[in-house]
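Structures given as structure tokens follow.
Consider the two complexes below, in which chain A is the common component and chain B and chain C are the respective partners.
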Partner chain A sequence: MDTVTSYTRFPTVRIRELKDDYIKFELKDTDPSIANALRRIMIAEVPTLAIDLVEIETNSSVLNDEFLSHRLGLIPLKSERAMEMRLSRDCDACDGDGSCMYCSVEFTLNVKCTSDQTLDVTSHDLISSDPSVVPVDNNLAQDINGFDAPEARGILIVKLRRGQELKLRAIARKGIGKDHAKWSPAATVAFQFEPEIHINEALMESLSLEEKKEWVDSCPTKVFEVDPQTQQVVVVDAEAYTYDEEILKKAEAMGKTGLVDIISRDDSFIFTVESTGAIQASQMFINAIEILKTKLDAVRLSFDTEEADDQFGELGAHMRGGGM
Partner chain B sequence: MNAPDRYERFVVPEGMKKVAYERDMKIMNAATFTIQREDHTIGNVIRMQLHRDPSVLFAGYRLPHPLQYKLVIKIQTTSQSSPMQAYNLAVTDLDKELDHLKQVFQEEIAQKQSEYY
Partner chain C sequence: MASTKEYGAEADDQTASTFSLTEEDHTLGNALRYVLNKDPRVSFVGYSIPHPSEERVNLRLQTTGLPARDVLKDGLQDMMALNDHVRVTFEKAVDDYKTLQGMREMSVGASGRSGASAKSGLTHQTLSTDTK
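Our next item is the complex of A and B:
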């Protein structure tokens, strides 16, 4: 057996911004395929919890049952527990109906409008059987008087008039975005290749100040700027460059082709991850790495496939008649 | 009416093997791996990693049809290695790379959070 060689890369990460539901970071020294795989997994394969089964007892609202159930399914639920939970179809603790505590969370909703004012039924009215799994509420800001700000009402489900009632029981289960988009924890996941901008100083010198300003202005986004003190063109924000080639065309039109050289580095990415609130953005990325590892584990060749191969396996050698 | 169930995209049915291996009869040291219920997400990653191995002469992947949820990877190596060895090495290396990435990321998060307090 020859020495085991390894072609592993060692990626590096630098976080630029970190908030609960938003993270912006740089990922370097890795391949676009890994960056793309992580992006795809964050959107489609990180598991979360969402309402999957709704039993309606009373519904006299203006929306029909299935419309209401659809809306309930789309409400994001805080899913920190989701990675440890089992999928309903794999759960053996319940009798296959997918409603035991290991694979589901039960919600109830019971509202009746008794006043003349329109009653807004919101996600705040959903009562969960597990206090750690509740609908996401992004607007818990408090206004200056210390009361809950007017927006802290939760996600609107339906509006009821006097006499209308809504009573239902809902079961939330674990799932992935590939099955239905309600289970996707990602609001937006994007990555861009980091651009590298090289200004040809010699050619730049041959431009007058007005020409420099004109050229800088021809870029739709603010990438360059003429420094007022030194009268030089400097790069102000390389990442704002959207790979439209306006400045290149403008340079050609002015007769100065090759004024600037912009290449996108294929080993350095800037990720922007925004979550719906179901999982923290940083946790979403960590879960995505875990899931990619699980997938790779699942596709490893099993030992008996290797052995049975008639060219390379040892069993195959026996079958061929002795081998060595 | 004819649409398959959505979970067909990622649930491997009973009795079906996740990875099937078939040696190529006509070319030396070449094999085809058929992975059930996977897509570009790992196909591209494994293909990229296989390209980094100098003993791999040919590595490619494809999805034969968008409605058939399987992935086909074709590998040809020099006589120094075998397609199975190259495949296993690629998967192992990717595992290590992801381990490293996870560790680096968690350290960065911990450091960034401690900066707030």
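Our next item is the complex of A and C:
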């Protein structure tokens, strides 16, 4: 990295909170365009696995086949393997039907209700052909954290009454959120601009204590506070500010325009990443960076093939299987 | 397969071109625009998506003398370095956080648990009072 005579700034990172499915961190010294690229990629282009093809053998449940298939598709699956796997459309190990170990994972489900009690069919009933690709289980995750989860229930698919049966085979494939939201590993990915709040102390002192309190209370989130000792208005939590400008309107209404100056810093961002559980939140960010890099490579390589075409004329284009 | 085409370079002046990137969108277009704008050899750069239902980004690049294509390639390289840097910094930050958290848990573990485990300690207490 030291060889780079780059004109771009090099960002810094500080982690604030880290859990398996949640991360909050600061990304500083960069531009909204970079932050936004990473956010967009995490939502729409980080691959995961999701059920994509369902063959139903028996279904006497109350839900019709396509309804069930849709529900199965939406179940998040542990997708640590997804980055290494192939998209079934460009897999050459199978005949494009997406049924080999490089591009798919098979699930089976076979449940019949034989008692008088309603039987819940859940994600636990899905039997995977690959132990590393299983439906996510938040209840189990809670158990590890010491919460007393009632019983690990899994994700409900359908309920069966006596005599009803459900038997099916499902193929999970790799995909991205751009193609279908079921493949998105993101529950939420957001970044906010870090606010910088400057109080005009001179003007603030022209307010009475009541006026200060009234002004502080006009903010919908708790950003300011009147210090009980010094009776001065202080910023307690700048990040709580939602850019609603209520506080500015209030100051204006009180005839104190310019009481406070709020600027959003457009070089530092606070990222909040929540994962569906398919991929660890911190891994999602790393994967996003890798995907951005492959995008850059793709552009650079497409240049090279174009140059090769120039050299060999029509031939090069033919060899690659047609033109652009 | 994604392709990149350069328009405008056929003329004598190679310093100004429009690059047409397929299968890309604002994700790459805007980020690339930012990185190229930081390069002092660039006199103009901008991008547009001509039609929302077509996966195409047109990137206009004018330089102060070098061929636009070379400057774009450098821009890609710059962004690659930026990505590598963010990845390394991020991984380090995560590791540091984890070690710090591990150390904190160990020191807390000695003087009784906190947070979620305190709750289970509480239920334990209620249970024991029930048996009395």
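Quick note on the criterion: the second predicted complex is superposed on the first by the 285 of 324 C-alpha atoms of A that agree within 3 Å, B and C clash if a C-alpha of one lies under 4 Å from a C-alpha of the other, contacts with A are read in each partner's own complex, and residues count from 1 in each chain.
By our rule, a contact is a pair of C-beta atoms (placed from the backbone, for glycine too) under 8 Å apart; a residue touches a chain by one contact, two chains touch by 3 or more.
Everything numeric in this text was worked out from a predicted model, so none of it was measured.
Chemist: So, A:H180: does it touch chain B (first), chain C (second), both, or neither?
Modeler: first
Chemist: Once chain A of both complexes is superposed, is A:K295 in touch with chain B (first), chain C (second), both, or neither?
Modeler: Touch status of A:K295: both partners.
Chemist: Quick check for you: in the superposed arrangement, does A:N59 touch first (chain B), second (chain C), both or neither?
Modeler: Neither partner.
Chemist: With both complexes superposed on chain A, which partner does A:V13 reach: first (chain B), second (chain C), both or neither?
Modeler: Both chain B and chain C are touched by A:V13.
Chemist: Tell me the contact category for A:S88 with respect to chain B and chain C: first, second, both or neither.
Modeler: neither
Chemist: A:F303 in the overlay: touching chain B, chain C, both, or neither? Say first, second, both or neither.
Modeler: second
Chemist: Just checking: does A:F285 make contact with chain B only, chain C only, both, or neither of them? Give me first, second, both or neither.
Modeler: Once the two structures are laid over each other on A, A:F285 reaches both partners.
Chemist: Shared contact residues on chain A, chain B side and chain C side combined as an intersection?
Modeler: 4, 6-15, 18, 25, 30-31, 33-34, 36-37, 40-41, 45, 282, 285-286, 289-290, 292-293, 295-300, 302, 305-306
Chemist: Flag every residue of chain C that touches chain A in the complex, lowest number first.
Modeler: That would be residues 1-6, 21-24, 26-28, 30-31, 33-35, 38-40, 69, 73, 76-94, 96-98, 101, 116-117, 119-120, 123 of chain C.
Chemist: Using the touch rule from the top, collect the residues of chain A that touch chain B in their complex.
Modeler: That would be residues 2, 4-15, 18, 25, 30-31, 33-34, 36-37, 40-41, 45, 89, 176, 178-180, 282, 285-286, 289-290, 292-293, 295-302, 305-306, 309-312 of chain A.
Chemist: Which part of chain B faces chain A closely enough to touch in the complex?
Modeler: Chain B residues touching chain A: 6-7, 9-11, 17-19, 21, 23, 33, 35, 38, 40-42, 44-49, 52-53, 80, 82, 84-85, 87-91, 93-102, 104-106, 108-109, 112-113.
Chemist: Spell out the part of chain A that touches chain C in their complex, as residue ranges.
Modeler: Touching chain C from chain A are residues 1, 4, 6-15, 18, 25, 27, 30-31, 33-34, 36-38, 40-41, 44-45, 145-148, 282, 285-286, 289-290, 292-293, 295-300, 302-303, 305-306, 320, 324.
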